[in-house]
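This report refers to the structure that appears directly beneath it.
Which chain is which? They are A, B, C and D, in the order written, and residues in each are numbered from 1.
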Amino acid sequence: MSVASHYSYWITVLLMTAGLYIVIARGNLVKKLIGLAIFQTSVYLLYIAPGKLIGGTAPIVAEAFKLYSNPLPHVLILTAIVVGVATLALGLAITVRVRETYGSIEEDEILAADRDDPDGA
Amino acid sequence: MMAVAAIAVALQRNLFSAVVLAGIYSFLMATVLVALDAVDVAMTEASVGAGISTVLLLGALHLCGGEEAKPLARPWPPLAVALTIVAALVYGTLGLPAFSDPQAAPHTHVVPRYLEQGPKETGVPNVVTAVLASYRGYDTLGEVLVVFTAGIGVIALLRRARRRKEGKP
Amino acid sequence: MILEHLPALQVTVPLAAAPLIVLVRQSTVAWGVATAVSWFAFAAALLLATQVAGGGPVSYALGSWPPPWGIEYRVDALSAFVLVLVSGVAAVVAPFAWRSVAAELPRDRVYLFYALYCLCLAGLLGMTITGDAFNLFVFMEISSLASYVLIALGRHRRALLAAYQYLILGTIGATFYVIGVGLLYLMTGTLNLADMAARLPALAGTRPVLAALAFITVGVSLKLALFPLHLWLPNAYAYAPSAVTAFLAATATKVSVYILLRFYFGVFGARLVVGELPMPEILLALSILAIVTASLVALWQADLKRLLAYSSVAQIGYITLGVGMASRDGLTAAVVHLFNHGITKGALFLLVGGIALRAGRAGFERLQGLGQVMPLTSLGIVLAGLSLIGVPGTAGFISKWYLVLGAIEAERWWLAALVVATSLIAVAYVWRFVEAAYLAPPGAATPQPGEAPRAMLVPAWLLVAACIWFGLDTSFTVRGARSAALLLLGGAP
Amino acid sequence: MRREPVLRVVGKLLIPYMLLFALYVQFHGDFGPGGGFQAGVIAAAAVIFYALIFGLPAARRLVPETVVEAMVALGVLIYLGVGFAGLALGGNYLDYFVLDRDPVAGQHRGIFWVEVGVLVTVAGVMLKIFYVFAGRARPAGE
């Protein structure tokens, strides 16, 4: 269990933290979505990196190769990417509506607007 | 480099550059994925992460305006939350099989059948496609439905009403 | 032949309804299809439940690939029970939506609403029925994405912000869940839940498994709004369209509880979760906090919808309290309360939807003297409110009875006392409605006399009747919950 | 941008190839990387490219909104339909073996149609989202 054998995980963890930090700390709605996207992408590495076998090739079966990397995580992550972009699209759509109704995409400004005018203009 | 890009995104206050950096990040991710033999995934990440996402984000920025208002008021509590999660993950990953260990469970259970029988059973040499469309075809159905849901969701939220309704105060 | 394929049809028929609705683009047809589909789902769920009660778990291999290579659908006592709840509520809410949605949404979006409704229903059913960890994630996302949009369609502008917050937290929750599943996959090499359960005991106590447990717990807790991760729920429920609030309140969080149960007892196994880890203690502590704080916060709300939303957080606390006891009676209580609270809250939110239609919103100032103006609606709210409190003769009583039994059995007297004492807070917040509706004269903000349309009142009263019925005749709920509890403790998924 | 002759010519030249490449990715998915999803994205990108060069109204004339919305629904229906076909022919849901007398050929056929469904929906949704966002920005674009 050496540190070197796990370094791919460390990268994942680092990216995940950065993404999550952006989501929690930032008040801008678009920025939060970017952070969310980074958070999700970091998961891809968690799945895919362990599937790689050194000396293996992409899992397209042919006569010349004997060793392939693990295809199952690839399939899962394909699905996860799609889910990620779908979420992003929806989140942006909501953000655009927020911008149109509130005139701002900063979380604290929106909350302040709601306090001042609870019934909504 | 990816890490640098991600941190740069976190620090960047101009949303436009943040979007561009996120795009760069996606391309780097795609490169890493190729190195890890995940060619299908890399292709998707390049087209989706660096392509579609960037276009969407830019479109949204065009509608919303591009400067983030304020620097952080209190950066420490969120950092603490993020660090807790790091701790949990580091703790968890320490027990995982080492990188490229052919004896690890994911390589010995379930997957061998895909690799050995897949081309014969489905007639498709790209095992990723075989698993995607056949063995786990139902997941892919779900994936298409997620896209579908997002599509009609965006329509429902953003379509211009023919007449302005009083239902939207 | 149809019977044999019921598990697949249960989910795919509602799924197929959504694109059909989008193709037709006509709101009446859309409503018709959505109603028909939800009744079909309800019938299918009942049939499956009888099949399971008669012949044990049903397994269905999608694509004819045997699990763990393909994706398996698996119906057992617990999932059949949840299926009946989800599809039953959907079948009642769909007729209600006809008038409610027409009043609350712009007309050119009504058909999209029903398409999303079908997707949300199918997603929840798919989450319940699947025997595959990743497939569960995919269907979770279908139902979540659909519900984000459904909430954002609410009339108030705060609905947008509520939907956005739910989207962020929901996605973080789902991603946490995926991380957990990923860790499990790396350790076991499989995604099939039953297969995972079979391979996990050999790995019990290793670090990734513990981390996976933590991530799945946090992720699912975000979705089920377990205190303190409930922040998205009150706003989302308060500003969503009425039909959506009723449907989501009665089903979405319940399915998440189901997932938690499934992972704790079906995958990780009671021995690890209960025996070696302090999970029960953590759950108990959080549940008690949830019950007490959320009930108290509910007392101070100025809007009936928000009050009920906070009460939901508290009631979820009762459910997780039962889970935390991890005994036969505790789990029975959890599963029974899952069902009873589903129908009670469904009834309440439907009735409030009727008020919202007549009065615009459900702020307490508009409820003054409602007992005279809308007698049937008010009576329904009081009856369902009694079930919320847990008065004998209503469904809520049964669940609290088993909770107290479970506490006494574990010789935790203070816990039993706590359940009874917190019910008194529920009395207080239900009393606020009684006070406004019956003891105050109609005020300026009270709507003109007149009941909600029959198309809304009948479904709501169906659920009110169910609250009473399942309080008197417990054979279906308690028997179902008991066999589910035994199944969970037996370790078999 | 609308009066840039270079862009217009290059666009005209490139877009057919982009669509062709989408089809290649689609049908070569069995042997190399690629498949319905990626092909759908590329096909949508081709039309988006067209819209950027020739303007949104022109793109709307080329691929009208109603067609796009129908595509969104049709793709899903094709996929679900393959599943129901499996049921009708006596197999389980999404069973491809029964789609042909030879099970492997059946698999092939199933995968083919499923990927077509993915392509149609993904291209439809991506285009639709683009139209909606872009249309929001320029209200006069209708």
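Here is the rule we use: a contact is a pair of C-beta atoms (placed from the backbone, for glycine too) under 8 Å apart; a residue touches a chain by one contact, two chains touch by 3 or more.
Nothing here was measured: the structure is a model prediction, and the numbers come from that model.
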{"item": "Chains contacting each of chain B and chain C, listed by label", "value": "A, D"}
{"item": "Centre-of-Cα separation between chain D and chain C, whole angstrom", "value": "36"}
{"item": "Length of the line joining the C-alpha centres of chain A and chain B, rounded to whole Å", "value": "5"}
{"item": "Distance from the mean Cα position of chain D to that of chain B, given in whole angstrom", "value": "20"}
{"item": "Cα-centroid distance, chain A relative to chain C, in whole angstrom", "value": "27"}
{"item": "Per-residue multi-chain contacts in chain B, two or more chains", "value": "39-40, 44, 48, 52, 56, 59-60, 63, 89, 93-97, 104, 106-107, 110-111, 114, 125-126, 128, 132, 134, 136-143, 145-150, 152-155, 157-159, 169"}
{"item": "Multi-chain contact sites of chain C, meaning residues that touch two or more partners", "value": "15, 18-19, 22, 62-63, 134, 138, 141, 145, 148-149, 152, 156-157, 179, 185-186, 191"}
{"item": "Touching two or more other chains - residue numbers and ranges from chain A", "value": "20, 50, 58, 60, 72-73, 76, 78-79, 82-83, 86-87, 89-90, 92-97, 120-121"}
{"item": "Category of the chain touch graph - line, ring, star, complete, other", "value": "complete"}
{"item": "Chain D-touching residues of chain B, taken from the complex the two chains share", "value": "39-40, 42-44, 47-48, 51-52, 55-56, 59-60, 62-63, 120-126, 128-130, 132-134, 137-138, 140-141, 143-145, 147-148, 150-152, 154-155, 158-160"}
{"item": "Residues on chain C engaged by chain B in the complex (per definition of touch)", "value": "15, 18-19, 22, 62-63, 65, 68-71, 104-109, 112-113, 115-116, 119, 122, 126, 132, 134-135, 138-139, 141-142, 145-146, 148-149, 152-153, 155-157, 179, 183, 185-191, 199, 206-208, 210-212, 214-215"}
{"item": "Contacting residues of chain A [partner chain C, same complex]", "value": "20, 23, 29, 32, 36, 39-40, 43, 46-47, 50, 72-73, 76, 79-80, 83, 86-87, 90-91, 94-95, 97-98, 101-102, 110, 114, 120-121"}
{"item": "Of all residues in chain B, those that touch chain A in their complex", "value": "2-3, 6-7, 9-10, 15, 18-19, 22, 25-26, 29, 32-33, 36-41, 44-45, 48-49, 52-53, 56-57, 59-61, 63-65, 68-70, 72, 75, 78-79, 81-83, 85-86, 89-90, 93-100, 102, 104, 106-107, 110-111, 114-115, 118-119, 125-128, 131-132, 136, 139-140, 142-143, 146-147, 149-150, 153-154, 157-158, 169"}
{"item": "Complex interface listing, chain A residues touching chain B", "value": "1-2, 5-22, 24-28, 30-31, 33-35, 37-38, 41, 44-45, 48-54, 56-62, 68-79, 81-90, 92-97, 99, 105-106, 108-109, 119-121"}
